[in-house]
Amino acid sequence: MTANKTTAAKTNAGNFFEDFRIGQVFEHATPRTITVGDVALYHGLYGARFAVQSAEPFAQAIGYPRAPVDDLMVFHVVFGKSVPDISLNAIANLGYAECRFLAPVYPGDTLTAASEVVGLRENSNRKSGVVYVRTTGRKTGGEDVLQFVRWVMVRKREPAAPPPEPVIPQLVGRVDPAHLAQHLPRLDLSRYVYPLAGSPHRWGDYAVGERIDHAEAMTLEEAEHQIATRLYQNTARVHFNQHAQAQGPLKRRLVYGGIVLSLARALSFNGLANAFHIAAINGGRHVAPTFAGDTLYAWSEVLEAAEIELRQDIGALRTRLVAVKNRSSAEFPHKTPQGEDADGVVLDLDLWLILPR
Amino acid sequence: MTANKTTAAKTNAGNFFEDFRIGQVFEHATPRTITVGDVALYHGLYGARFAVQSAEPFAQAIGYPRAPVDDLMVFHVVFGKSVPDISLNAIANLGYAECRFLAPVYPGDTLTAASEVVGLRENSNRKSGVVYVRTTGRKTGGEDVLQFVRWVMVRKREPAAPPPEPVIPQLVGRVDPAHLAQHLPRLDLSRYVYPLAGSPHRWGDYAVGERIDHAEAMTLEEAEHQIATRLYQNTARVHFNQHAQAQGPLKRRLVYGGIVLSLARALSFNGLANAFHIAAINGGRHVAPTFAGDTLYAWSEVLEAAEIELRQDIGALRTRLVAVKNRSSAEFPHKTPQGEDADGVVLDLDLWLILPR
Amino acid sequence: MTANKTTAAKTNAGNFFEDFRIGQVFEHATPRTITVGDVALYHGLYGARFAVQSAEPFAQAIGYPRAPVDDLMVFHVVFGKSVPDISLNAIANLGYAECRFLAPVYPGDTLTAASEVVGLRENSNRKSGVVYVRTTGRKTGGEDVLQFVRWVMVRKREPAAPPPEPVIPQLVGRVDPAHLAQHLPRLDLSRYVYPLAGSPHRWGDYAVGERIDHAEAMTLEEAEHQIATRLYQNTARVHFNQHAQAQGPLKRRLVYGGIVLSLARALSFNGLANAFHIAAINGGRHVAPTFAGDTLYAWSEVLEAAEIELRQDIGALRTRLVAVKNRSSAEFPHKTPQGEDADGVVLDLDLWLILPR
């Protein structure tokens, strides 16, 4: 038998645009048990300092059974599982929306993921198309822990292949805050120790329009983003294969966007130390690529404050989290006077954060 | 007292060729308890995706008491312990053979190692000799978990020292498959979920002669191989000391060969996702050195398929696993028409893999 | 509201010299539960090989409830917590003294830290001053695990601010050995297996004046020191922000001094394998900065041997531990004939080590 034949038979070359169908469901491979080892690596890779995720007694005192793992680690692990089926042949990750965190994940929980194709649109060049998937993460026992929609531009195997009926899903730009974080334990605020958490500022202390410079910064190394991205079992070759990247337009390995998310979130501790939980990501855009050697800064703006139904203990803050590279965040770089993304902006995220009231 | 005297008294300078005797046994230092922390690092350093090692419920469903640690992590930890006694003054690791995995290792198990000298042969230049050792790894309770023979070229302290009677051990080039993997729990295949494992292909789906391009690749960084090699408490200075290496012929730190093994094994998931266990390494050669910055690809060839006595649940596949650097594995680079190792080949391994039937 | 106003309101810009008062106490943020994940990373980052910290059965056999975490990991975690309150605006860490380890820390323990200002002295240039703090680390239940004094040079916000009454604490240069390590379990030496520990040399085998070349060396990478320093939640920007450092005098990121401590301690295994516990640090100086790419060697000199009250099982050795960069430690580089620090010396530490008798 020929090499190509046998290779085709066993090697997963990923799906191409014409392989996707509306309603198609992928049960993604490799369930993953999250452990305190992953939590330690998460601290080492990003420097997270939120007390609820950092200390068992702090989490237990306020009502958690134990310290939950960082919300974005759950996001990365679930996202990573979807890569071999959805985006191995992706040209670009275009965006995500309607990301909701549905249950806390604890060390010992095992995560699995599935994705449903909810939109398809071929590009006018006939060479590629946009695939929209709704990805759901589940933990042992089947409880949903995370759901989000993302859309990616995927190559066609055969440009001549007929285009599908275009379907573009209706996505809300803002998750309704009323039903956020219903899965969180009821917090006993009398036992939430603000000095240990790192700040006295609660939900009510933030004003809409307020901007916060997170001041600190992190320079990213190749080994750091590779270790993190492998930890999530994300196999997208642009992150790992310098030999191939050197022959492409970027010349370098591209940092997985989730690394920028997690670094910006960790930096946001300085100014939002009590925002202990991300309840939802309304939308996110990776405005520009990040490479090893880049130094990331971050700032936040408070967009909205919302109460949560039946919860007197916590409130939601909608914030814009912006990460910039190789320039200070002190002047809050965001848009040019022409409304374009300002120089150095790499991430523009719209979040619902949960804080004690 | 003089510095040299006291240094000699306390510092381990390693053994030289004339220090070894046939039948000599070394109980190696530093027992090591393997934990979920090591497992997380193993994922982060190599991107392993085999479901049995990645998820407790998957392993338990098919009959394991819990998820075992990756076979090669056990190999690296046991190998690492032998370095201070056997190969601190090694010029080169020449090869290994008869490597058999004898029992699963779980987080919480503590590994120790011992080596017996089974062969000695002075080189004609009188400056060095080849030492053959049989190294055995044991876990808490004394059960053997791993055994292999390796041979290394070791410097002599005094070229004038008399040569030993040459003894060259008889090594089989192929471990008998009939007795492989007898230590594995009996698998309940009805509960082995192929989509979660990442491939539908079982033992019977592979044909002798079939070649599989594992397609993906990894570029290796200094920090990655150093962290991994330290994790195994391997102290060989060529991996860590740039100041000394810069003065030698290589000019660079040499990557521990076990890193290449583990990366090639992790890459082989794409094409061999159900090969959840390495039962034996018939032989292995590090054909060329690997350095930070190299990008590793891998491919496999099926050499033989064998049934295992008394086991209807699993079968053994003998495969050649080849790792190449800085060139694609799509054309299966291996030998030149003259029968020499092809350009870019760094590892040529002969394995017995276990798959569900 | 203006950006600056809101930023000032929420962002921690750190304390300046005139913000400190004698007797002021800081309860530092972010309690941290230490896990086997942190232990695995500690092994991977430094290559520690001391049997008591490496293997549960070894520790339990001699009387520990379980394997304790490395003493210096406890030091780094406690030190890291103090950074946002004490040294975010530090120009330099000038030294530490009276560091005593007061109780073993085990995986699962949660560490908190507090610091009291015990000294203040403005510099003659009126632009900065020296702040002395006594920092105490505690574990779950409130037991003290570590206490040390450190002094740092901190910027003034307003050079015009009036100087405080100078207070300089009296610090002993040598912790009294009689009361060291009283918290350690009584060791059953009949079960301390010297070959597994890596050396036959006990407390009584070391002579005052004896010098030991630890022979091995480690080249340090940016990713390694950043991962380690983040793991300890140390936020000092000089370690992480290449964009800012490139504009300063060093041009590079500065390696957190604790990394050099831990690497030198790990290297000291070769020659001091049975020095399983650091009981105290009498004093320490970071003689010169360390950067990624530097290769660290280490040597030790035995300064003093002391018995410990009521303990026949263990004895204390006072040693000087010297780390040098980019030159061999074989000739024990320390001081010039003029009494200055010798070329390449980066760390000069005065320790009390505990060994079996």
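The first chain written gets the first letter, and so on, giving A, B and C; residue counts start at 1 in each chain.
Note that a contact is a pair of C-beta atoms (placed from the backbone, for glycine too) under 8 Å apart; a residue touches a chain by one contact, two chains touch by 3 or more.
Only a predicted model underlies this, so the values are computations on that prediction, with no experimental measurement involved.
Asker: State the smallest step count from chain A to chain C, taking one step as a move to a touching chain.
Answerer: 1
Asker: Could you classify the chain A-chain B contact as same or different, where same means more than half of all interface residue numbers appear on both copies?
Answerer: Different-residue interface.
Asker: Go ahead and note the Å separation of the Cα centroids belonging to chain A and chain B.
Answerer: 36
Asker: Of all the residues in chain A, which ones touch at least 2 other chains?
Answerer: Answer for chain A, listing residues that touch two or more other chains: 35-38, 40-41, 221-224, 227.
Asker: Which residues of chain B touch chain C once you look at their complex with the stated criterion?
Answerer: 1, 3, 6-7, 9-13, 27, 29-33, 35-38, 40-41, 84, 108, 110, 112, 140, 221-224, 226-228, 230-231, 233, 235, 237, 240-244, 253
Asker: So in the complex, which bits of chain B are touching chain A?
Answerer: 35-41, 43-47, 49-51, 54-58, 67, 195-199, 201, 206-207, 209-219, 221-224, 227, 270-273, 293, 295, 326-327, 330-332
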